[in-house]
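Listed next: structures, encoded as C-alpha cells.
Both complexes below contain subunit A, partnered by subunit B and then by subunit C.
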Partner chain A sequence: MALNKKIAYIDLSEKTVKMENIPLEMRKKYLGGRGIDAYLLYNHCPKGADPLGPENVLLVSAGLLVGTPASASARTHVMAKSPLTGAVGSSNMGGFFGPEMRWAGFDHLVIKGKAEKPTYIWINDGKIEFRDASELMGLAPPQVEQAVREELADDEIKVMSIGIAGENLVRFAIVETGLKNAGGRSGMGTVMGSKNLKAIAVRGTGDIEIKHPEEVLEYDLNFINGIVNTKFGRIMQKWGTMFIYGVTNSTGLVRVRNFQANQLPASEDLECENIEDYSFGTEGCFSCSLHCRHKYIIKEGEYAGTYAQGPEYTSQGAFGAEVGCRSFNTVLTGNHLVNYYGLDTLEVGSLIAWAFELYEKGIITDKDTGGLKLEWGNDDVVLKMIEKIAKREDIGDTLAEGPLRAAKKIGKGSEKYLIHVKGMSNLHSDERPTPSLALGIATGTRGSDHLRSRPAIDLYHLPEPVLRKIYSYPVPYDGPLTSDYRDYKGKPWQVFWQEMCYMAVDCLGICKYHTKFLSPNNPAFKEWPELIKLITDLDFTPEEIWEIAERAYNLEKLFNIREGFTRKDDALVDRYFDEPTPDGLALVRGKSIDRKKFKKMLDEYYAHHGWDEKGVVPDKTLERLGLKSEPSNAL
Partner chain B sequence: MEKMIIVDSEKCTGCRMCEMVCSVKNEGVSNPARARIAVVKWEADGYYLPMVCQQCEDAPCAAACPVKAISRDTELGRTVVDYDKCIGCRLCVSVCPFGGMGYDTIGRKVIKCDLCGGDPTCVKFCDPGAIQYVDINKANMKRKRAASRNLSELMRKHAP
Partner chain C sequence: MARKTGREEQVRCLNCLERFKVKRGSDKEACPKCKMEWRISWHHDGMAKIRGPVWNKVKK
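Coming up: the complex of A and B.
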C-alpha cells in the first residue's frame, strides 16, 4: 500500500542496513518527505556535528504522494546538516528517482557514517547493497547514471549522484538525477562526497497501492486541467521559469553586477524567447504536464554541439545579469557546466559576481585569479570560473568554501560585498523594492531562499479580496493585506503562509509549480486532503495539514536554534538597507529596505509563528505542536 | 468508426504519466512494471517514444498462442486476450515485435493494451498530445498534409 514503504538505516562505516516500517503515527504527525526528514534530522544529527564528518546524517526521501496520481508527484527530498551554513541543509529535486524509490519499497533512507572507499548504494526491489564506485569517480552525474546502468545491465535504473564538485567537497555541491534534476541548495552533494558516497542507484517494480483508483483518476484529470489551462500553465509549458526574466528585468527586480544595479539594459538576448534557437523540445518530470525545461543544444563556443536541459530563471541571473553578461549561449553553457560538475547554479553565479566586484574594487587581483581578468560581461571568464570552482583552482578554491569562509580567507573588507543570508548566497532577484520577498529570504531555515518562503504572487498586484481569499485559508487571518508589493503591511503573514504551503508540498512530494508559488490559481490546502484521502484513505482536514507543516517547520527551526542560530541570523546584509535601487521603473527606483519596518516585520513574523521576540520557540508553542518531548527517537 | 493509438515522439516530454495512469486504471495501483504502455527513452540525446500494442491485424501473439486465447475484436480494432483460455505460457511475449505484450509478475498474467474499451486513459492524460486516439482512416492525413506542404513548396519553386 501507499503507506507500507519502509525506512532504511544505512551505515556506510559499518556496512549495515536495517529496514523498518514507518509507524502510522509518524504519518499523522509529519506526512512524509521533508516533514519526516525534519524529524529524522533533529533526532539523528548530534548537536554540533561536523557537517563533513561521519556523524552527519544524509536523509533521502520520497514524499507521501510521490509516484501516485497526485500530478507532478516526482520530488525527492534530501536533508542533512549543511556544510555551507551549519544550519538545516535541505533540497528537493524532480525527475524520476523518488517514484522509483517507492516502487523499490522505500520512502526514507537514513545514511550515516563514511565509506572506507568510493561506494555506491544499490537499491533493488527491497534489497540494499554496497558496491564499489572506484570506476565512477571523476564522472559527471549523467555519466554515472549511464555507467551504473551498463554495470547492472538495466536501462531503467535511476541514479542520484554527485559530480567532481561533490568529490572535491565544494561546499555547495548538488545531488543530481538525470541531466538536470538537482537537489541544488545547501551542499547536499558535499555531504555525499564527505561520506565517500558517489551515487545511489534504484530500481523497483513493486506497487504503490491506490485506495480509490477510479475516483482519483477523475480527480487528477480535473486537477491537471485546472493547472495547465491557465495563463501560467501555458507559459510554463512553453518557457519554463525563464519567462520570469523579461518581466523582472524590465521592472528592475534583478540583481546586476553583484548588487550594483537592479536592471541590465539591452539584455533582450537573455529573455526566454531566445531558447527557440537552441531547443528541440521540452521535458517533464514524472507525471507532470508542465514540462518546464527545454532540451537544447549549445550552439557556440567550446561546448558547441553539447546536449543539455534547462535552464531555469536562476541561470539567466547566474551567467547573465549578475555577472553583466548578455549572451543566451553563455547562460546555456553555464547551466550545462554546473550540472556537469555538480554545482549549485545559484551559489556559483552569486559567488562569481561577488568575486568580480572584489576584482573591480582591487580587493583581489590577477595574482589571486590565476591571471583571469574578472571583468563584468566577460563570458569566457565566467565559464572558466565555474570550472575553477569545481576543480578548486586559484580563486576557485577559495570560492568553493562558500561566502562566509571565502570572505574570511580573502579579508580586506570583502565581506561587506557579500549578498547572503546565513552564509548562503541570494538568488539574483533584487528584493529591495519588495519587503515580503526580503523577509522571506531573511527567515528561511536553510538560508537565503526563494523556494521555502517566497510569496511570489505578491508581485502580481492582486486585489486585496483575492489575497484575502488565498491567505485566510485554512487558518483565519483578519490582519492587513495589501496588493502593493512595496508595502510592509501584512507581508509577515504572507511569508508565514507560504512557508506552511511549501512545507506541505515538500511533505507530499509534489512540485511547487503545482501550488500557489507562481500561480494564485493553483491548488493548496483545500485540495491536498482530498488527494491524500483518495490515494491513501487517510483523513486529514486542511487545518491539520497546516498544523503538520507548522510542526515540521518548527523542528527545522529547533535544529537551527540548537546549532546556535538566533534572531541576528534572520537578517539581510547592510546593502539592502543602505544602498537604494538605482534603476528600474519609477515604482521600484530608489527603494531600499527600511530598517525599522523590517524589524517590525520580523517581530510580527515571529508572533505569527508563536515564537518569542528573540526567535526562540517557547514551551507554549512546543506544547501546541506536540514537540515538547523532542527528540523522541520514534524513528 | 475504427480508431487507433498513434504516438508522436516529438511531442512526448518523457513524463511517463501514461504508464502511471495505465497501471492505476487497469490494476488499481501505481506501478509502471504493470502498465500496458512504456515510454522508451534515449536519455543521452533526449529522444522519447511511448511504446504500446499496435493491435496488429495479423498478430504474431495470436498466431503463436497454442490455446487460441488471443483473438481479433473487429468492432474496436484490437486484439484481446481471453484469460479463461490463457495458460500463461508467455509465447506471445516472446514473439511480439513491439514489446506490446508484457507479463505481470504480481498479477501472474500476460498484459496488453485493450484500448480501455475504446476510451484510452493514457490519451486522456497526455496533455502534450503525444499519444492520440484517432480515426484509422484519417490517422495518416496529418502526415500527408505535412509532407505535401514541403513537396508543394518545392514544386512551386521549381514550376516552369
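Coming up: the complex of A and C.
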C-alpha cells in the first residue's frame, strides 16, 4: 500500500545499506516528501557540517502520493545542507524518477559519506547496490540515463544524475532526470558530486495499493477537469510557463541588465508565442494532464539540430532580459546547455548578468574574462559563459563559486551589484513594485525563492472577496487584504499562507502548477484530505494538513537558525530600496521597496509564524507544533 | 474541448486593469478605458491573451 514504502540509509564510505519501515506516526506528523526530509535534515546533518564534506546528508524522496493516480503526483524532492548558501538546500523535480523509486519500494533515501571512487547507486525492486560510475564521468545527464539503461539492459530504468558541473563542484549544480527535469536550486547536484556519486538509477515493478481505486479516479477526474479548464491551465498547455513573460515584461516587472532596468522593450522575439515556430509537441510528467513542456529542435547557430525540451520562464530571463539579449534561439540554446552541463539556469543567468555589469563598470576587464567581451546583448558570449562556468574556466571558475564567494574573490565593491538573498541569486523578476513578492524572496528558507513563498496570484488583481475566500481557509484570517499588488497591506499573511500551501503540496509530491500558485481556482487544503483518504485511508482535516506544513517549515527554520542565520539574513539587497524602477507602465514606474514598510511586513510575517521579533522560534511555538524535543532521532 | 468560462474573448488591460472584449481573431486592440494598445494572441480554443504592448506606441 501507499504507506509501506521504506527508508534506506546508504553509507557511501562504508558501502552499507540499512532499510527500515517509516512509522505511521511520522506520516501523521509530516506526511512525506519535503516534510519528512525536513525532519531528516535537522536530525542527520550535524551543526556546522561542511556542505561538501562526507557529514552532509543527501536526502532523496518521493512525496506521499507520488506514483498514484493523483494528478501530477510526479515530484522527487532532494535536500541537503546547501553548498551555495550554507542554509537549507532543497529542490524538487518532475518527470518519472519519484514514481519509479516508490514502485521499487522506497520513499526516502538518506545518503551519507563519500564514495572512494565514482559510483552510482542502483535500486532495483527492493535491492540496493553500489556500481562503478567511472565510465559515466563527463557525460551529460541524458547520456548517463542512456548508458545505464544499456549497461543494465532495461529501457524503463529512471536515472537521477549530475552533469560535469556537479563533477566540477560548481556550487549551483543541479540534479536531473530525463532530458530536462531538474532539481535546480541550491546546489543539490554539487552535494552529489562532493560524494563522488554520479547517479542514482531506479527500477520498480512493485505496486502501490490504492485503498479506494474507483472513487479516487472519479475524484481525481474532477481535479483534472478543474485544472485543465482554468485559463491558466489552457495557457500552460499551449505555451508553458513562458506565458508569464508576456505579463511581467509588458508591465515592467522583469530585471533587465542586472537591475538597471525593469522592462525590455521591443522584445517580441522573447515572447512565448515564438515556441510555435520550433515546437513539435509537448510532454508531461507522470500523471499530469497539463503537458507544459515543449519538445523542440534548435534551428540556428553552433547547436542547430539539437533536440531539447522546455524552456521555462526562467530561461527567458536568464538568456534574454537579464543579459539584454532578444533572441529566442539564444533562450532555446541556453536552456539546452544548462540542462546538458547540469547547471541551475536561474543562477547562471543572474551571475552572467552580474558579470556583465561589472565589466560595464570596469570592475572586471578582458584580463579577467579571458578576452571575452561581456557586453549586453552579446548572444555568443552569453552562451560561451555557460560552458565556462560548467568547466570552471577563466571567469567561469570565479562565478562557479556562487554570488558571495565570487564577489569576495573579485572585491572592488562588486558585491553591491549582486542580486541575491542568503547567497542564492534571485529570479529575473523585479520585485520593487510588488511588496508581497519581495517579502517572499527575502524570507524563503533556502534563500531567494520565487517558488515556495510566492503569492503569484497577487498579480491578478483579484477582488477582495475572492482573496478572502482563499486566504481565510483553513485557518481564519480577518486582517486586511488588497487587490493592489503594489500595496503592503495583508501581504505578510499571503506570503505565510502560500508557504504553507507549497510545503503541503511538496509533502504530497504533487506539482505546484496543480495548486494555488498560478491559478486561484486550483486545489489546495480543502481538496487534499479527500484525495489522501481515498489513496491511503489516512484521515486528515484541512487544518491538520496546515499544521503539518507549519511543523515541517519550522524545522527548516530551526536548521537555518542552528547554522547561524538570523533576521538580518531575511533581507533584500540595498538596490531594492535605493534604486526606483526607471521603466514600465505608470503604475510600476518609480517604485522601490520602502524600508520602514518592509520592516513592518517582516515583523508581521514573523508574528503570523509565531516567531519572535528576531525571527527565532520560541518555546510556545515549538510546543504547539510538537518540536520541543527535536532533534529526536526517531527516524 | 475546454469548458467555456464566458471570458474567452476578454483580456485585462495591464495598464489600467480594466477588462475589455477583443474582436475574435484580432491581433491588436486598444483598451477602451486608457487607450493603451496591446498585441493579442489566441489559444486554439478561442481564448484571447495579451501578448505584449505595441512597443512603438509605449510612452518613454
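Everything that follows uses one rule, which is that the second predicted complex is superposed on the first by the 635 of 635 C-alpha atoms of A that agree within 3 Å, B and C clash if a C-alpha of one lies under 4 Å from a C-alpha of the other, contacts with A are read in each partner's own complex, and residues count from 1 in each chain.
Note that in this section contacts are C-beta pairs under 8 Å (C-beta built on N, C-alpha and C of every residue); 3 or more make two chains touch, one makes a residue touch a chain.
What you see is a predicted model, and the numbers here were worked out from it, not measured in a lab.
On the shared subunit subunit A, the superposed partners subunit B and subunit C are arranged side by side without overlap.
Once the two complexes are laid over each other on the shared chain, residue contacts for A:L587 go to subunit C alone; subunit B is not touched. In the superposition on chain A, A:V228 makes contact with both subunit B and subunit C.
When the two structures are aligned on the shared chain, A:E630 is found in touch with neither subunit B nor subunit C.
By the document's definition of touching, of the two partners only subunit C reaches A:P265; subunit B does not.
In the superposed model, A:Q146 makes contact with subunit B only, not with subunit C. In the superposition on chain A, no contact is made by A:E499 with either subunit B or subunit C. In the superposition on chain A, contact of A:G67 is made with subunit B only, not with subunit C. Residue contacts after overlaying the shared chain place A:H461 against subunit C, while subunit B stays out of touching range.
After overlaying the two complexes on the shared chain, residue contacts for A:K238 are found with subunit C alone; subunit B is out of touch.
The least CA distance from subunit B to subunit C in the superposed model is 9 Å. Residue overlap on subunit A between the subunit B contacts of one complex and the subunit C contacts of the other covers 228.
Interface residues of subunit C facing subunit A in the complex, by the touch rule stated above, are 2-3, 5, 7, 12, 14-15, 17, 38-39, 41, 43-45, 47, 49-53, 55, 58. Here subunit A touches subunit B in the complex through residues 67-69, 96, 99, 103, 142, 145-146, 178-179, 205-210, 213, 216-217, 220-221, 224, 228, 280-289, 291, 295, 307, 309, going by the rule given at the top.
Touching subunit A in their complex are the following residues of subunit B: 10, 13-17, 20-21, 24-25, 27-34, 43-46, 105-106, 121, 124-125, 127-128. The touching residues of subunit A, counted against subunit C in their complex, run 225, 228-229, 231, 234-235, 238, 243, 246-247, 249-251, 265-268, 271, 273, 461, 585-587.
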